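Following this line, the structures themselves.
What follows is chain A paired twice: with chain B in the first complex and chain C in the second.
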Partner chain A sequence: MSKIIEIAGLHKVYRTGAEDLSVLNDINVSIAKNCSLTITGHSGSGKSTLLNLISGLDFPTAGSIEVNGQRVDSMNEVELTTYRSFYVGLIFQFHYLLNDFTALENVMLPGYMSGQKRGFAEERAFELLKEVGLEERLDHYPLQMSGGERQRVAVARALINDPDLILADEPTGNLDEKNSKMVEDILFALIENHQKTMLLVTHDLNLAERGTRQMQLEHGELFEL
Partner chain B sequence: MLATRFLGRKGAGGFSRHVIGAVIGITISIIPLVVVLEVTNGMISGITQRYLEIGTYHIQVRNPVGVSRKDESGVIDIINSIEGVKTVFPVVTGVGLAYSGNARTGVALKGYRADYWKNDPGIRKYLKIESGAFDLSEENYALVSSEAAKTLKIKIGDTFKLLTAKKLKNGKTLLKPSYFTVKGIFSTGYYELDSISVYINIERGSKLFNSPDARFLGVKIDNPDRDIPKISRLIKAKLPFRWYVFTWYELQKPMYESFASTKKMLLFIMLLIVLVASVNIASALTMLVIEKEMDLAILKSTGIHSDVIVSSYVYSGFLIGLSGTVLGIIIGLMFAVNINELFHGIEYIINSGRYLIHLAAVPFVNKPFSKVVLLSSAYYLDYIPVKVRFIDILFIGVSAVSLSTAAAVIPAVRAGRLKPMEVIRRH
Partner chain C sequence: MLKKNKIEWIIFVALRYFKAGKRDRSISTAFFSAVGISVGVLAMITIISIMNGFQIGFIDDILEINSYHIRIRSGEMEVDNTLIENIKSIENVKSILPFIDLQTLVKGSYSDFKACKIRSVPVNTETQDPDLLRYLNVTRGEFNLKKVNTIVIGSELAASLGADVGDTVSLASMAGDSFRSLAPVDIQFTVEGIFKSGYYEYDSTMGFTSFQSSKGLTSGKETLTYGIKLKDRYKDAETIRDISSIIGAGNCPVSWREYNRSFFGALRMEKISMMLIVGLIFLVVGVNIKHSLDRSVYKRRQDIALLRSVGASPGAVKTIFVTEGLLIGFSGGLIGVISGLFISVNINNIFAFAGWAADTLSRLIGRILSPFVNIPSYGFSVFSPSYFYLNKVPVKILFHEVLLIFFFAFTASVCAAYSAAGKVTEFTPSEILHYE
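Let's turn to the complex of A and B:
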């Protein structure tokens, strides 16, 4: 099976004053296409840092990250923008929706702003919101929606540009049990329906078990479970 | 799409107070700019028109050695035959000292034909006969400006003495007293023309001032805005030797240039106010960038290009500038076209207040109540003419919107440079 992510010798060290804090230590991993990899680990183990490095929001201290054969760690600003726009979809622990935009606009915006025709972006956003069960809430603003609904909008937004890779950072971490379950179900169903690769980090072991492949990050090192 | 939403209040609908403040700032800075510029245009035009019609006329034709009445009449016929010439008339000018009782003042005399008033619509438009009539049918008749009449304390039917200096053939100067009866009191509405003007009969004027350069021909044409250079050239070409042609612009060049430079200076100063207001836009957008940095970070993390964010913020600055400018121009024009009513309203309020204070002070102060007059020919014009020039409005609009857009560049670049990871970590 072909690989979508190839990480080799990845190190991330944060310099805090005189001290160096090593968060990731020689990470080596290959992730196959259409796999849903879940990574568990306690708080501060470097799960989010790993996702930030793969998404190009942060840069490694050493090592390489290849996504779809492209070196993410050496991309310039323009290349990173294109990469984040078309190759990865990000879902954060907090929904981070834009409060001045409706649910439909929040979803369509990354598509429209990266070159999709407005009508096409709207149509696609509508379809995605329908898939996450929010077709009745298109014109609602985030402040008019529940936490679970907002996170479902964030899930739909991550898919607007049809990226190959979804990076989810504790996507249910802020939700109650009922909403967590609903978002989990929707997320895994979408990944399967749209044939996406997902890298999900969580400390919820039940959620982690739903991944087709499971790993654990401990003391900056990654172990297969 | 992004630009208009960037101007909104975070999740609360409506516009951010920083944006409203910036729009108001631009509006407030544009209002005086429009009012000052349009009132300046009107005043310059009002003064220029008065000078053209009453002061210098459109064109003056002079012969420095003097000519006989017959030759002068021939020249008048030649000029009258030129297409576009409305009227040609002889004028005599000189100065004298007017006396009435204990009052005296220096006066600038102009001698006109008795039918001048009938033949020149220009003077009928700008010269207001406040009392009496434009009657110069007799050699001892005179018209006195309201300011001179006030100084001399004379009214219709009164007689005043005029002392003029006449140069004798032997080179000596003879002071000559003459007596005139006031037949009319006039006002041009412009102090400089009103203050010391006295009009007399031209034949009497020619006797009082016999030097060749005291008498000349005034020419009025149909379209002074367009045809003065062309017609002055035609007159020059048709007239015999030793006749000289001067346009009003040549005669009043310093005044005309002073108006033009004053207008430019006013415009420059007013644009500085717009510049200060556009700094408001920069600070409003900087505040918006700070307020919305998380939104911007998310947009960038979803792959939205920095250029889109930069151009959206620059467009926001353009929208703020455009809104403020349009509002400012509308309100400014409303003020400008009603400036006279506004002044009268202010006069009324001031005088009402002063009258109440006067009533309260009557038992203690024995002083008659005097009205404050804001619009008087003593302050240039007694009526502010407003002339709205589209080109000026366009210039104000384009300048203000350009400055506003330029002011948005720095916060826009700052928004574009936000590092999403740093912002997400901070929040």
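Let's turn to the complex of A and C:
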């Protein structure tokens, strides 16, 4: 099976004042295409840090990250912009949506930004919102929606540019059980349908079990479960 | 990578942010910035328009009443009618009037001697130079010099002489063609008309009489000057060339620009310094916009981080905020231009209203306080003719200046936005997304 992510000798040290905080110590992992990898670990173990490094929102102290054969850790700002619009879709714990934009606009915007025609992006956004069961809420603003609904919008948004890789950082961490279940189901179904690779960080061990591959982050290192 | 529709989506987002401000319960900072710009533009347009009104009023009075656009000093004592006809045939010439200026002393029945410049003109001046009469604005009697020893004088001069239409005044001058033969002469003139041009100097020191009447006051050897008015006074150089080709280069014509240079220069200086001082408003407005956009950037740092994480370049995000500044500058400037023009056009009504309001208020207060104190009531009038020489504020709106003011305001806000937008890259998206 072909690899989508290759991480070798990855270190991340945060320099905060006098003390250095070593969060990631020598992470080595390669991840196959179309797998769904779940990562667990206690709070502060560095899960979000790892995802931020893979998405190019942060830079490693040492080591390399390759996604689809491209070195993310040495990309410049222009390359990163392209990379983030076309190769990765991000979902965050706090379902960061733009509050001044409707559900449809939130989903459509990354497509519009990446060069799609507005009409085309809106059409795609509509399809995706239908897939996450929100075709009735297109014109609603985030503040008019429930947490679960917002997170479903975020899931749809992550897919608008048809990226190979989805990075989800505790997407259900903020939701009640019923909503969590719904978002999880939708997320896994979409990954399946669209043939995506997903890295999902979670506290929830039941959710972690749904991954085709499961790992744990501890003391800055990744272990297979 | 350059995207074709990059500008499109940036405008889409910026417009939304600009509008979102209005929905915000804490009235948007963008709104206040736009109001700041409007007030600046409004103030500047109004001030400059009034200033133009005064200045252009002065300039027109000077050119139309006294100095003319082009002057020719002829060496002759007699009016040369063929010369007049020839010059009149030049395309840009509106009118031509021969005249002689005399320095005299004038005395009313009960007054002292006053210095007075008497300009003697043809008896048919009203047909030869109709604009002169229009600007002189004869308020009492008429501009009629057909009878011998009649005179038309300025209203201030008339007042200080205690003379009205029909009264006689004495004019004194030194007549003779050499110092030895100079002899004081004193001739009685009848006041036929009184003018009030609005230009104090002329109203207080100028009078008009006919060639025939002025003969007795002079040695009879004064030479004529021809005053020419142009349809377009800015084409003076061309017209002077045309005139020279007709009358020969001997008695060189002089343009209004030359003999009024220092006065017009002073007016221009005055205007430039006023523009600079009022322009300081835009410095304040610019700083204000920068602060409000700084806050806007801070308030939206989550949005910024999110936009970055879904593929917006730092430059694109900056452009969003610059565009917001652009929208602030444009909308504020436009509102300022519209309200500034409105106020400028209606300034006299507004002053009248303000006067009326102050009057009413003072009377009201007077009535309320009347049991306790006795306040004499006097009418307020912001531009009362008894305080000011003019009873109306002159206004002149110059299109290119309005455009310039708008451009000032617009540039100020765009510069401010540009400097505020630099803050966008001061934080990294991961930090924001992580901690909130």
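What we mean here is this: the second predicted complex is superposed on the first by the 225 of 225 C-alpha atoms of A that agree within 3 Å, B and C clash if a C-alpha of one lies under 4 Å from a C-alpha of the other, contacts with A are read in each partner's own complex, and residues count from 1 in each chain.
Rule of thumb we're sticking to: contacts are C-beta pairs under 8 Å (C-beta built on N, C-alpha and C of every residue); 3 or more make two chains touch, one makes a residue touch a chain.
Model, not experiment: these values are computed from the prediction.
> Does the chain A-based superposition show chain B and chain C clashing or fitting?
clash
> One more residue to check, A:Pro142. First (chain B), second (chain C), both or neither?
first
> A:Phe188 contacts which: chain B (first), chain C (second), both, neither?
So A:Phe188 meets neither chain B nor chain C here.
> Given the touch rule stated above, what does A:Lys117 touch, chain B (first), chain C (second), both, or neither?
In the superposition, A:Lys117 contacts chain C only.
> After lining up the shared chain so the two structures overlap, which partner does A:Phe126 touch, if you call chain B first and chain C second: first, second, both or neither?
neither
> Answer with first, second, both or neither: which of chain B and chain C does A:Ser85 touch in the superposed model?
In the superposition, A:Ser85 touches chain B and chain C alike.
> Please work out whether A:Phe101 is in contact with chain B alone, chain C alone, both, or neither, and reply first, second, both or neither.
Both partners.
> What part of chain A is shared between its chain B contacts and its chain C contacts?
52, 55, 57-58, 77-78, 81-82, 84-86, 90, 92, 96, 98-101, 109-110, 112-114, 157, 161
> What part of chain A is in contact with chain B in the complex they form?
Contacts found on chain A: 52, 55, 57-58, 77-78, 81-86, 90, 92, 96, 98-101, 105, 109-110, 112-114, 141-143, 157, 161.
> Along chain A, where are the residues that touch chain C in the complex?
Spelled out, the residues of chain A in touch with chain C are 48, 52, 55, 57-58, 77-78, 81-82, 84-86, 90, 92, 94, 96-101, 109-110, 112-118, 157, 161.
> Which residues of chain C touch chain A in their complex?
1, 3-6, 8-9, 12-13, 16-17, 20, 302-303, 305-314, 316, 428-430, 433-434, 436
> Which chain B residues qualify as touching chain A in the complex?
Touching chain A: residues 1-2, 5, 8, 10-11, 294-295, 298-306, 308, 420-421, 424 of chain B.
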